[in-house]
Structures are given as structure tokens and as C-alpha cells.
Amino acid sequence: MISTAAETLLSPIVLSFVLGVAAALARSDLSFPEAIAKGLSLYLLFAIGFKGGASIASHGIDGRLLATLLAGALLSLTLPFVAFALLRLLTKLTVVDAASIAAHYGSISIVTFVAATTLLAGQNVEAEGYMVAVAAAMEAPAILSALWIVARRSRGGEGMGADVWREILLNGSIVLLLGSFVIGWLTGERGLQEIAGLVVVPFKGILCLFLLDMGIVAGRGLRANGSVLTPGVILFGLGMPLVGATAGLAAGTVLGLSTGGVTLMMVLSASASYIAVPAAMRVALPEANPALSLGLALGITFPFNLILGIPLYLAAATLVAGGQ
Amino acid sequence: MISTAAETLLSPIVLSFVLGVAAALARSDLSFPEAIAKGLSLYLLFAIGFKGGASIASHGIDGRLLATLLAGALLSLTLPFVAFALLRLLTKLTVVDAASIAAHYGSISIVTFVAATTLLAGQNVEAEGYMVAVAAAMEAPAILSALWIVARRSRGGEGMGADVWREILLNGSIVLLLGSFVIGWLTGERGLQEIAGLVVVPFKGILCLFLLDMGIVAGRGLRANGSVLTPGVILFGLGMPLVGATAGLAAGTVLGLSTGGVTLMMVLSASASYIAVPAAMRVALPEANPALSLGLALGITFPFNLILGIPLYLAAATLVAGGQ
Amino acid sequence: MISTAAETLLSPIVLSFVLGVAAALARSDLSFPEAIAKGLSLYLLFAIGFKGGASIASHGIDGRLLATLLAGALLSLTLPFVAFALLRLLTKLTVVDAASIAAHYGSISIVTFVAATTLLAGQNVEAEGYMVAVAAAMEAPAILSALWIVARRSRGGEGMGADVWREILLNGSIVLLLGSFVIGWLTGERGLQEIAGLVVVPFKGILCLFLLDMGIVAGRGLRANGSVLTPGVILFGLGMPLVGATAGLAAGTVLGLSTGGVTLMMVLSASASYIAVPAAMRVALPEANPALSLGLALGITFPFNLILGIPLYLAAATLVAGGQ
Amino acid sequence: METHPAKRVEIIIEAVMERRLTQTLSDAGVTGYTVLPVTGGSGRSGYWNREGQIGRASGMVAVICLIRPEKLDALLEAAFAVVDRHIGVVNITDAQILRAERF
Amino acid sequence: METHPAKRVEIIIEAVMERRLTQTLSDAGVTGYTVLPVTGGSGRSGYWNREGQIGRASGMVAVICLIRPEKLDALLEAAFAVVDRHIGVVNITDAQILRAERF
Amino acid sequence: METHPAKRVEIIIEAVMERRLTQTLSDAGVTGYTVLPVTGGSGRSGYWNREGQIGRASGMVAVICLIRPEKLDALLEAAFAVVDRHIGVVNITDAQILRAERF
């Protein structure tokens, strides 16, 4: 496991993130235009969805698909309660702030998922193609739980109409991920070969550029708002991934997923959203401090998962689910 | 032909467009930044132009080049009259609106051309490399005809100075298409090999992303302005491509083009502009409703050509021009 | 050498630049969105830095590295004095304008460097991987010299605080270049293979697109402000690169670099900054006319180096340093 | 040239609220508005900028409405309902407009 | 600080007409203007936004001119000639400027 | 709705000077501002636009500050110190604001 961690640390992917953080902390003006950052994220979603679908098309679908989707949604629905309880224990945050953070941690970070897939592939660990769909299924339920917590505990929270729900369920990243998953499924191996020049060849390099940008954003966030990250909050940001990963390990093992699948289930549960949920929280819980949840998700938990978490989860999954 | 159509339908290219339309109709916020959309279109123009030129360089130039260019320009010049007559027959549109639409249909849609080239290549049907230059030659003449119609029939129309003409003839997409065509021609097979990593390897995948964006824009247009598309207008949007394609078939056959060449001639004649002509019409015929012409070109005719038209035109060209 | 020049001239890289200039001079509206242009430049910096680092990792580091870095910094520090003297001799520019231009010419143009590396590789001439680091080391010192000249000769110049110096030394392009150089070094050949699909495969094609954009910007600059380029100024723009290249040739030979290394040392010395220094000059010497220095660097010296300079420098380096 | 008095209302609001704001304005009978991008800013909740961001959570937009003076109150009520709990500032200036028949 | 009265004219017009407008302004002796991007809007001709668009047909821009009050009429005449048949709105506010010698 | 008088100061300045300007404003006690992108313009130093540019040397930005009238002078002094030797224009308009407690 230690050698895996070292290898992870020396992967261009991780180093690119580190470079971004360092540049931002040193106050370099290195930055990506907003349009480029968005373009990179559209690319990653399209590619990862497509490859997931194509992999299903060639490996056949698995009886576990439905059960895994359900398990993912359930994890997303329940983890916010755990996160909320932990936050109330460890910190003095308001109900609204704690609930907002809990929503982030119940949901998932697709780029952590992408990085994990890539690092697993680099060690020849394959996973079920439909884990991409599971990722999509885990994005939204956590929001529901967080709003329910707020509704019960405080008078905050804006009451989310059907309109807001449609918006969350049809948010761009979910639609693109699932849409390209379906396209990959329909066109299969042949479709993959047709567009491998885009979705496979430059994939890892583009992931590096994306992580470089994420590093810059994370570093700038830490520099500007690092002070909101009190020790209790940071402790949560390091501990909650382990709690989530344990839940994911249990679920993945019970479902009988492959080692790679279990690892990804752990990664999803351990990761915290930094695109979809932040926007939803601005709409639904405007009183929550965005610097707090974003700083935590992007500045603490994301690097933790990227650098230490993924090798750790793989080791645990290998131990429990058996060698590959 | 039916199997070709099915294959077309299941190509990632077509499915990406469908995904975009579906996302927009479902009111997802999935969208591409304007800069990325423009960047993708610059890439496609550069790549298709370059490859066309390189193909000429290696296959040698054909006595038919000049005649084909001329025929293209003539088609672009005459088709607007047919389109205008059809519109007056089928719809109650004003002279200015009908003329503006006619300009769009006399001109061409470069992305339809690119998609056709790609789908043809997928079936090992090659075409003359200079069809790219023919596409460029067909962009502008239709505008002239439309303005002539308006000048004769109504008092609208802004009188286009030399200034406006230079602007249309030197519009970015024509210049990039022809420019990269010349570069491809000059640098030949060797130049192509040097930059194949950009203009060949990821080409099809980037086309998918571009069509995804076009689908989103088309779907949003249909949702916002679908009501302007009365049955008569829609009928025109489906019938005019067939009229154009027939003219293209005749011209291509008389010119003695290859099966692929005839198909592309049909595609060009059948397609309707959605970049160059709309901008020109805003300048020259500001009274024309842009939602109408753009909705028709992008929302009706483009998908029709992409999904049904291209396989149909290929079948017709094969029948008339003989197997490959 | 003549055949090399002809080959250079017919490379898609050079022709793309020419196309951009032609389009702008013809007043076409062909243009790249700002975000795309920035994205392309980030890509080039990342790729060239990474490949330089990876090359060191596999070829081992060279005792000459430190000496070469030092020599580069010294050249950057001294060339502005030569440039300033030349300008006072050849033109009637103010002290501030002359000093600002001198800063541009003491510093380097990374895209000229990238183009040279690419053209050299096309002729199987390899260079020391650490030349990328030398390029970074040569960016800033020239600014110091220019400000010193102004401080001594006139009352202009804004006094650059520590703050401004940090800004210049940590400017985005230096940080990205050096950062990716280090990543390439750390991850080595294996890292390069992982992301070759991005940093190698499409590299040359992306360079073409970037040069197309640079051509457009250069052409527009010439059209808008060409009148500031008096004969004396133009003479400087053509002569200074030769002076710089000679200094680079001497330094490279004394250092005992390979033919490729000497050529790149000449290219760096001969080239003029058009990203980092212009921004620094706007801050530090706002009275200097930016149209002048930018027009000269981008409109005269860059094309000169690209088309004539690079083959000339290679020939000279071959002559002096001996065939590869 | 003939000009007509109007009010120019400029609402700087979180990007995530753009659609809600414009919807509310439409419902309040505001027939026209223009949206400008915003790249950064600072206020009580600190400094932000859009560089490198991909989500809409941290950006803002500026919405400009030109309206007849008598419609001002309706517009402000509507805008306030949306802005109230959210980050954002609203300013109103007296303006003159051409082609008043359009407003 | 010393300030001087001026007019701030804001013209929101179709992107395709930008060059024609600024050319006309120059011809009318307007020495300075600034162009801001616009990402979306709504008016009598409905809602639009720039996302995913590649052509210039459907976008707009905002052109801001600061001028001495006495030049206002000339500017408005010039602007109106371009805006007249096209989509667009024009508003004028009273402003104060620094460094009047520049205008 | 209750509104409060304020000043709307719009500073159009070189992009390279943005950080210096906002820093100076903060130092002068200006608590809020918003930065808008600018795509092109024209003035005594000629025409420019951002298309295809990659450096910050040739672009500008517009910084909008809403402030209480009594703070105007302090702001203008601070802004002038930065703008003085640089390209840029400053205009001030009278405005009304909602939620004055925020300013």
C-alpha cells in the first residue's frame, strides 16, 4: 500500500494538483479562463460517461446494477445525517451551515471518481462500467436529507418547489454523465473505437490540466478563507471521508462488487461535491456560508482523497474483497 | 439503405446531437460556454479544410475542380429562388422573412458537410478533396439572390455596400476553411502526418461535442420559439432539402463526380446555413425574424439531413453514380 | 540552409501564422475567443515544460545546467543595454519607449522557443531538456535592466516595490513552465507516456492553431498601429535578433551545448517577449507606448525569427558547434 | 433628439438566482432587461472572482432594466423578493431613453 | 476632487452592428467609448442568451460613451441612424467625470 | 420601496491595474465593488479589443462602486492615485440604493 501511495504521489495527476495549490498559495497569477475550466469539465464528464457505457456494452450488464444504484442513492440519503451529527459534535457551526456541509458530503465529487478510475486503471484494476451511473445516482439525494434536517431544526431553508427539484435532477453534469453513458452503451465497443482519439488518447493529460485548475481554485480558497477552517472543521474534513469510505466498503462488499467496484464505491462515499451541491445550496440555503463548505470539500477532503484516500481505499477493498 | 440509416442513427455523432436536444427540451442547464463552442467550430473548420487540401495534394487535382466550383456557386445563386417560391406557396410569411429563409437554404451548413464526410468515411466512401472549396464557394452567392428578391419585391433591405460584401466574402469561416485548405494543399501528405494528432485523431470525438452543443442550441430554440414553426414552415423545412438534394444530384452526376462527391454535392445543396447567413441577414434584412430562419435551419432541416438525409443522399448517389 | 528555410516556410506551423496575418490584413473577422487563446497558451506551456523535464529525467542532468541558467540570466540582463543603445542610435524614441522595447528584447518569447523546438525536432536535432528552464530564467532579468536605465536617465518609472517583483517572478507563464518542468522531471519517461496523448500527439497541430491566432493579432496590430513602425524602428526589429543571436551563439558555444542547445540559446536571445514583459511595462512604465513594443515584437521580430531566423540560427550553430 | 425620462435599475445578484430574478421581473410586467457578466467583486462576504471556476455557485451577474418611472415600485418589490435573502445589490439612476414606445 | 459634468450614454445593440455603430460614432466626433459583453437579455423579440452560440447573429453588446453635454445631440443622431432599424436600446444619464481634458 | 441616495462610481481602467486599484479602494475604506469585463474600446490611444489576446497588457476592466455620498471624495482620491499615470476613465452618477445598511 505504501508503494501504491508513493506511486500515486508521483503521478502527473496528483502533482498537477499540487502545482496548482502551490501557485495559488504563492500568489502567482496563474489561472485558467472560466470557459476553459468549464470546457475541461464537460470533456471529463462526456469521456467518463461514454467509457462507462461502452464498458457495459462489451462486458454485459450485471444483475447487481439495480441494487448498486439503489445502494448508492441510499448512501447519499443517509450519509448527511452522519455528517451532520459529526459536525455538531466536532464544531460550533450553525444548523444551516452544518446541514449544508452535510449535503456536500452525502453527494459525490465526480473528479475524485475520475481520478480514482484513472489511478486504478494505471494499476490494472478494472471496475464495473456502471459505477458511472451510480455516481450520477448519488449526486442529488443528499440535498433532500440536508433540507429535511434544516426544515426540522430551524426556520431557515427556502422550501424547494418542484421547479428547484427538476433543476437539481437535470443539472448539467448529471445529464451529460448519464447521457454519454447511454450513448456509450448504445454504440458500444465500435463507438468507443470511433471516438477513442478524443475520449481515451488525451484523457489523462486533460485530467492533469483540470486538476491543475482545481488546485489553483483550492489554493486561492484556502488563502482567502482559510480562517473559517477551524481545527474541528478540518478534523471533520479528514474524518468524514473515512466514515463514508467505511460505509461504501460495507455496501460494496455486500453487493459483491469487484475489487475495483468496491474501491469506487468507497471513493464516491468518501468524496464531497464541489459543483452541483454548492449551486443548489446557494439557492436553497442562502444563509449557509459557501466559503466554508467549498473550502472544506475542495481544500481538505479532495486532496486527502486524491493523495491518501484512494490508495488506502484500494488497499482496504483488496483486503476485504480479495485480490482483484 | 435502411441498415445505413440505422447505423447512422446509432453513431455517437447523431446520438450526441439527440442528447443535446433532449437536454434542452427537458430544460436542463447543460450548456457550453460561448468561447468553447466557437473554439470547437474553429477546430472543425481548420481540420476539414486542411484534410481537404492534403487530399488534393496526394490525389492530384482534377479537371472537374473549376466546373464543380462554378456549379456550386450557381446552385447557391439559384436555389434561393426555388426556396422563395416554395415558401410563398406553402406559408404566409412576408417577403422579407421568406427571402431571408431562402438565403439560408441557398447557402450551406458546414457542420452538415463535416458530419456527412465523417459518416461517408465510416463506410469507406471517399470524395474529392476539393469539395471543401466547393462548400466555401456556396456560402455567399445565396445572399445576393435573397437581397435581389427583396429589392425587387419590397422596399425593405438595407442596400449592401462594398463594405458589407467584403465582410461576407471574408467572413471568418470562409477564410479559415479556404486558408487551411490551401495550407493542406501546400504541405501535403507530409504536413498531414505532422498534425494528424490534432486534425485526425480526436476529430470524430470533437465533432460529437460540437453536435452536442448544436443539439442544445437547437432544442432551446425550439422550446423558446417553436411556435413560429407553423405546419407550412415545417413542411418547407423538410421538403426543401429534398429539392436541393435533387438539384445537387443532377449537378454532381453531370459533372461526373465520384459517388462520395455526388453525395456531398447533395448534402451541400440540401443543407441550410446557420452561422454565416444569419449574421449577414441581421445586417442586411433586420426586419426578418431571426428565430424563424434559425429555428428552421437548425431545428428542422439540420436534424433531418443528419439523421435521414445523409443516408438517403448516399443511396441515391450510389444508384445514379454507380457503386463507388 | 536554403532547403531548410524552404522546408520551414512550407511547414504548417509557419503557414498558419501567415494565414492569420493575411486574414487580419484583409480585415476578415476571423478571430479566436480570448479564453481559447489563453487555453492554447496554457497548453503549450504545460506541454513544453513537461517534455523538457521528462527529457532531463531520461537523459540525466548535465553539469552545464547551472552555468547555462546563469548565462541565460546574464544575457537577459545585458542585452537590454545593447538594445537601448541601438534604439537611441537608429530612432528618435523617448528614453522610456526605448527602455521598454529593450526590456522586451532582453526577455524571451516562449512561442518562438516552442516553434524552434518543434522545427528542430522535425529535422532530428535534439537539444538539452533544461533549455526550458533557461527560457524561464531569461524572462525577468531584462525588466530590471530597463527600469535601471529609466531610473538613471529620466524621472519616469514607477519604482517597483517588492510586490511588483513577486508578481513578475511568479507570473503565470513562468510558474506553469517551471512547474510542469518539475513534474516532468519527477515523473520521467513513465509520466510522459501516461500523458503523451495530450502533450505529444496533438502538440504540433495545437501549435498551428496558436500561431494562427498570433498571426491574427499581429496582423491586426500592424493594420491599426503600423504607422508607429518607422524605418529606424523596423531596422531595429530585424537587426536586434541578429545581435541577440550572436550573443547566444557565443554563450552556447562557450558553454559547450549541443548544436540544438546552441540554436535554442540563439533563439531565446534573438526573440522578444510578447506576454510577460508587456504586462510588466504597463505597470512599471505606463508612459511607454504599448503599440510600439508589441507591434515590433509580434509584427516584425516574431515573423522574422520564425521564418528566417530559426533556419539561419541552426545553420550557424551547426557550423560553429559542429554537426550534431 | 427627443428623449423620455426613465429609470435605470441595475441589480447585481448571484448567478444561480438569475433565472429566478428574470422570471419574477417578467411576472411583474417588466418587459425588457439585459444581463452582463461579472468577473469578480468584493463585499461583506469577501472577495471572489470567476477565474478557473466551473460551477455557478460563486459567480454573479448584473441585470440592467430600463423602465418607465411609474413602474419602478413594482419592479423593486419584485426584485427585492428575490434578492432579499441572497447576496446582491440594487441601484437606481435617473435616465433618459430614446424610443420610449418600446418600454 | 474636481469633477466635470458629462453625459453617460449606454447603447445596447446587436453584436453584428458593433463595428457600424462605433464607426458612425467616430465619424460624428465621439472620441472614446468602451464595449462591454452582454450574455443575455429579453425584450419585445423575446429571450436570448449567448451560451453555446457560435455566430454573432444572436448576441448583443453594450457600448458606453462618456461625452461632454454639448456633444450629446450629435452622438444621439449618429447612434439613432444605426440603431433605428435594428434591435437595441439607448439610455442617457447625467454624470460627473474626472480629467475632463480627455473628452 | 425605501431607497437611499448613493453615488455610483464607474472606473474603466487597464486590466493590469485592477488589483492595485481594488487594493487602494479597500485601503480607503470602500467596502464593496464589482468588476465587469470589457471587450474593447477606443480613446486617445486608439482602438483595441480582446479577441485572440492572451496577455493582460492590452485589456481593460470596469469597476463599479456604490458608496454613500459622504465617502465619494475619499474614493476619488484613492482611485485617482492609481488611475493618474494610467489609461482610464472615471465617471460618477447619482443613484438610489436598496438596503443602505450594507454600504
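Just so it is clear, A, B, C, D, E and F label the chains in written order, and each chain counts residues from 1 on its own.
Throughout what follows, a contact is a pair of C-beta atoms (placed from the backbone, for glycine too) under 8 Å apart; a residue touches a chain by one contact, two chains touch by 3 or more.
From a predicted model like this one, the values you see are computed outputs, not experimental measurements.
Annotation of chain C and chain F: not jointly contacted by any chain, touch as defined at the top.
The chains in contact with chain B as well as with chain E do not exist; no chain meets both.
The greatest centre-to-centre gap from chain A, using C-alpha centroids, is found for E. Where chain E touches chain F, under half of the residue numbers in use are shared by the two copies, so each contributes mostly different positions. Per-chain CA centroids place chain C at a distance of 45 Å from chain D.
Centre to centre, using the average C-alpha position, chain A and chain C are separated by 40 Å. Annotation: 18 Å between the Cα-based centres of chain D and chain E. Counting partners per residue, chain C has 29, 31-36, 38-39, 201-202 as the residues that reach two or more other chains. In chain E, 36-37, 56, 93-94 are the positions where the chain touches two or more neighbouring chains simultaneously.
All chain pairs that touch, listed by label, are A-B, A-C, A-D, B-C, B-E, C-F, D-E, D-F, E-F. Across the complex, chain F is touched by residues 1, 3, 6, 8, 22, 26, 31-37, 61, 64, 66, 93-99, 102 of chain E.
Chain A makes touch with chain B in their complex at residues 33-36, 38-39, 42-43, 46, 50, 166-167, 170-172, 175-176, 179-180, 182-183, 186-187, 191, 194-199, 201-202. Residue ranges of chain B in contact with chain A, taken from their complex: 10-12, 15-16, 19, 22-23, 26-36, 39, 122, 200-206, 208-209, 212.
Those residues of chain F that touch chain C in the shared complex are 14, 16-17, 20, 45-47, 50-58, 85-87.
Residues 31-34, 37-38, 40-41, 158, 213, 216-217, 224-225, 274-276, 278-279, 281-283, 286-287, 289-291, 294 of chain B are the ones touching chain E in the complex.
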